[in-house]
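Naming follows writing order (A, B, C and D), and every chain is counted from residue 1.
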Amino acid sequence: MRIGVLTGGGDCPGLNPAIRAIVYRGIDFADEIIGIPLGWKGMLEGEGKELNLKDVEEIISQGGTILGTSRTNPYKMEGGPQKVLDSLLSLKLDALIAIGGEDTLGVASRLYGDFKVRVVGVPKTMDNDLSETDFTFGFDTASTTSMEALERLRDTAKSHRRIMVLEVMGRHAGWVALYTALGGGADAVLLPEVPVNLEELSKSILKHHQRKGYGLVVVSEGIEITATTDSAQNEVDSFGHIILGKRAAGAYIAKELEKRTKLETRSVQIGHIQRGGPPTLFDRVLGTLVGIKAIDLVHEEKFGYMASYKDGKVTEVPLEAATKEIKKVYATWLKLLPVLFKK
Amino acid sequence: MRIGVLTGGGDCPGLNPAIRAIVYRGIDFADEIIGIPLGWKGMLEGEGKELNLKDVEEIISQGGTILGTSRTNPYKMEGGPQKVLDSLLSLKLDALIAIGGEDTLGVASRLYGDFKVRVVGVPKTMDNDLSETDFTFGFDTASTTSMEALERLRDTAKSHRRIMVLEVMGRHAGWVALYTALGGGADAVLLPEVPVNLEELSKSILKHHQRKGYGLVVVSEGIEITATTDSAQNEVDSFGHIILGKRAAGAYIAKELEKRTKLETRSVQIGHIQRGGPPTLFDRVLGTLVGIKAIDLVHEEKFGYMASYKDGKVTEVPLEAATKEIKKVYATWLKLLPVLFKK
Amino acid sequence: MRIGVLTGGGDCPGLNPAIRAIVYRGIDFADEIIGIPLGWKGMLEGEGKELNLKDVEEIISQGGTILGTSRTNPYKMEGGPQKVLDSLLSLKLDALIAIGGEDTLGVASRLYGDFKVRVVGVPKTMDNDLSETDFTFGFDTASTTSMEALERLRDTAKSHRRIMVLEVMGRHAGWVALYTALGGGADAVLLPEVPVNLEELSKSILKHHQRKGYGLVVVSEGIEITATTDSAQNEVDSFGHIILGKRAAGAYIAKELEKRTKLETRSVQIGHIQRGGPPTLFDRVLGTLVGIKAIDLVHEEKFGYMASYKDGKVTEVPLEAATKEIKKVYATWLKLLPVLFKK
Amino acid sequence: MRIGVLTGGGDCPGLNPAIRAIVYRGIDFADEIIGIPLGWKGMLEGEGKELNLKDVEEIISQGGTILGTSRTNPYKMEGGPQKVLDSLLSLKLDALIAIGGEDTLGVASRLYGDFKVRVVGVPKTMDNDLSETDFTFGFDTASTTSMEALERLRDTAKSHRRIMVLEVMGRHAGWVALYTALGGGADAVLLPEVPVNLEELSKSILKHHQRKGYGLVVVSEGIEITATTDSAQNEVDSFGHIILGKRAAGAYIAKELEKRTKLETRSVQIGHIQRGGPPTLFDRVLGTLVGIKAIDLVHEEKFGYMASYKDGKVTEVPLEAATKEIKKVYATWLKLLPVLFKK
């Protein structure tokens, strides 16, 4: 078979292991694997180039994606889907593997629903907020990177008797913040899933500071704050939520904490540093397993499905189910928050 | 409740996160947590010291165990079990949490079976060969360490156009070798679960060397080699298996490979370097979850059980089942070997 | 002798190795080493506690300072210097070792000049901008941290065909930016020592992007931009320099680059993440050598001097000379900029 | 000019930064840089390929050498030097840059002395034992790698109350062992420069163990042991020195220590793991500076010289002086051993 593969959305570690596994598994079936550059943008433009063993055998340790990526969405442009269909023909593809998150796989799901495009999905998001899969590659590496950043902040916090606030990625779900805070031993964590109570947070941090002379707080970029607890000059939306400026959650929390606790407080936003770097072992294994599974799904003609890691096993789930809604931090985890952080 | 906690067997990263979680969760129940030094040795000698928040709040990033460990087994000494019973009384323990691998938990299982000792187990082995749990903490860190060592060897292998052989831990199961080889992109892996065929291995490595100018092989310390494929002067056991000297598997394979391929070949044994270091995020999370679960099991009076991570979830399993036999590399993984390594 | 030791100013990796070496070398002379908490603040308040082998033997790998630090300056408060003199008496100190940068050592220099205080200095600044010493500990670690961050940004830049801008520390001198850019293989670097020419920078980055599809720029937080090259709404000072907001240099450059090149551009500010973490080997060795030297200087009664690493050797220099002016990036380095970055 | 460049001897981190810098600096002079594969082997066979910006712009972070290396020595084969002369002509080289250690540069020195070959040297050895240069690239990375291995061993040593012995590279000089032990906070270090006294070592380690419950020893592979202190069955040479087997120094010391102290002792040999990996910042900067200098020396027609880093500055020294004898650990360092390790 002649199978296209593309990577869409924000890059993250694990994409290259997945691409490599697709080529490796393809060899077993004597498939031709065609790399599509820059996500759906490449499909719109009908570009592609064969990927061989030589191209991928040393990429398992590399962050990013050798195919390039973009946020281009064919459904957001005039005649987009039709262009994709045309490219499938012009590139002579028997099937297409789309590696991406909610948006990229959402396109795949619709192409399958609308035109029965022979497409299989591979889940990817460092935010870990894709449904129907326990983990997505990129998440372990990204959380490890911010955990290590938090450990660096601990040195400074202790030396200066300070509160340090680290803002990490996670616009809709708090997975990265949760794992960063757990692994780095933070004193508090703020997630989009839990309303922020600045009074309670300040009291908790004061207690930690009294005991050990410093405090560490991890903040998810996507937290919401209700107007009643606000004392700054932020705009308020119709639900009474404070509208934080673009990526300002950490700085806002630091300012509020300093005001309430009278303790010197600093914030850092890890930003794009969190996206790159060599994938962790976990992400290399996960990327490899779902990559292999994707080729297997193609040969089983399970189109409209996504390779998934569920209940500790590699399996498949319908793309539609996976892209319907965001996977929030589970209730079982939320119950552990007081165990881990409220001491 | 007054709950003892001990760590036995070889140390590995993740023990401290587990101890920390036990103390944290204990606080929720107003438990007194008593740290027993040096595994079962401490129980034989009736030693123990209370562990408080202060003792554990900054240990999540530390390898090893703050309690110390030993390979002492009460069942291997005259009157051992009775001494443990005496110590339970003298230390006034309401329950005991034993953190360890097959040997340490085997003692716990027998103490429960023989004397109904109120004991709960927490699984630990960097070899990942304990049954009834998908993963044990220590494994991800140890495999990450050897994966990074393999990547260092790649630089040298490429520069010198050599074959490099890395011997990693795993006396009875090949988990560490498998993950090291997969994550590090090795060209071949030798596991205790698969008979070694030196002829086939040599041909495969020659093919890799011809294509890219070097080769990387990962060898589990516990491999067995049948006499027919041997050309060295090793002793042979009654099953016709070559008896490799203590930890000589890698050196043996390197020598045989060099002889057969005529390619310059070097071997390295990572040894104890693989045991230490800060736990990975995965091991910190896993250690924390099973630590919390252990305290919960104590309060649910589920004695004779072990906290476990199964099918992607934290649960409990009988200690007896967990310690009955070694968990070998799964058949599903063995089927993937030709996909990953035989290109 | 009874010798006080304090660490002042911003914390950085290498302080603990220096403290450790002071205690180790003190043992050879049977000195009592008194740790003063929180820099000059501790001296103002007359606090101190003996440091023994036990306290320091395992701290060589730790970032920050076990003594704590502050930016308190006795010369900036009523009666400050007198209080320091009083504390020297009340703590019965025969001599004082001050570890710090321009500000902390400036106090030491004045105390020596004004009152002949028996003080010896140890240089520390991650900015590497202290005169009369080739390197200060903290610099190698901080630059390594930002170099690794830059490498992570490369993955994302390549995957998205973007320009990435990394802002690093360095308010007055560009050492950290220079070493980060050199080590991380950046395409351009902006230093406070060299006027920024946005037109030229944009052309250079465009050329890099055309050749390889992405671009990496390192920006020192302390750069100045002249009004003529500005196209944004920043204030302008009386010299015609643009007044960049607190730590906004990277974001400003990214915005200007994107406008001029029409290439997607993102910026990251590494901030406090750069301060912490285990010291590199270089910083452990350097901290150890100047720590030992400080005790030797005390016993040679070379007060008013600072231990220094000059021309590849440990030596001493007058505190006054070391604190007179900032050490800018050398002309020899500036001459190499076109070799390294203008391709 | 048309300039050849080769890398000889054992590979080490820093070679690629040096090659990169040679190409970068060559561009300024419009030089053609010809990469010679596999060290002097490539020169014997007259092979070479132009190196362009594209080939080197992303290699600064890679260990090993993109040119490949070998230990081939033209002076050790019939007609070797003449073949090198022939290749210089057939490849039309105006000059040759040889990057290597004592052996590789020794060839360069003789070729210059015997035939006035227009050759310039660049120093490289992870052992740091080349004369007339303060540091050689590869050393900082190699010592960092073993320092981090030592830190991993500390976790295990503490958990098991053990002595751990780490054997590191350094056949003729103890630089790597010294820096590893200093940076990793070892309790003892054995160097080829200092006769081993097993009795004294055992007493010292016992003292450390009594104080803190474990001990760490770093051993250089090249140590010599005099017969009088030996209690094993090793051969003895005519000077009464024990002849240790190939790379067995660490295991030997561990065995002797265990016998004398009755403390559980384990040894590890880091071996080739120490050679690879991304160069540290220090080695990237050093490799870059001596690479640039090499091209400058060619254009200044300073043949028979080697780029060098001396007294904290880049300069040049005669190849003959640099290759005459090994650079042992300096006396100033030996005097510090009791300060650092005999507590």
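By definition in this document, a residue touches a chain if its C-beta (ideal position, glycine included) is under 8 Å from a C-beta of that chain, and two chains touch if they have at least 3 such contacts.
Just so you know, these numbers come straight off a predicted model, no measurement behind them.
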Chain-contact steps, minimal, separating chain D from chain A: 2
Partner chains that chain C and chain D have in common: none
Geometric centre distance via CA averages, chain C-chain B, whole Å: 42
Distance from chain B to chain A - Cα centre to Cα centre, in angstrom: 30
Euclidean distance of C-alpha centroids - chain B vs chain D, Å: 34
Chain A residues counted as touching two or more neighbouring chains: 151
Pairwise chain contacts under the document criterion: A-B, A-C, B-D, C-D
Chain B contact footprint on chain A (complex, rising order): 24-25, 27-28, 53-54, 57-58, 60-61, 134, 140, 143-144, 147, 151, 179, 182-185, 211-212, 280-282, 284-285, 288, 292, 310-313, 336, 338-340, 343
Partner chain D, residues of chain B touching it in the complex: 7, 10-11, 13, 15, 38, 62-65, 68-70, 145, 148-149, 151-156, 158-161, 164, 213, 266, 268-277
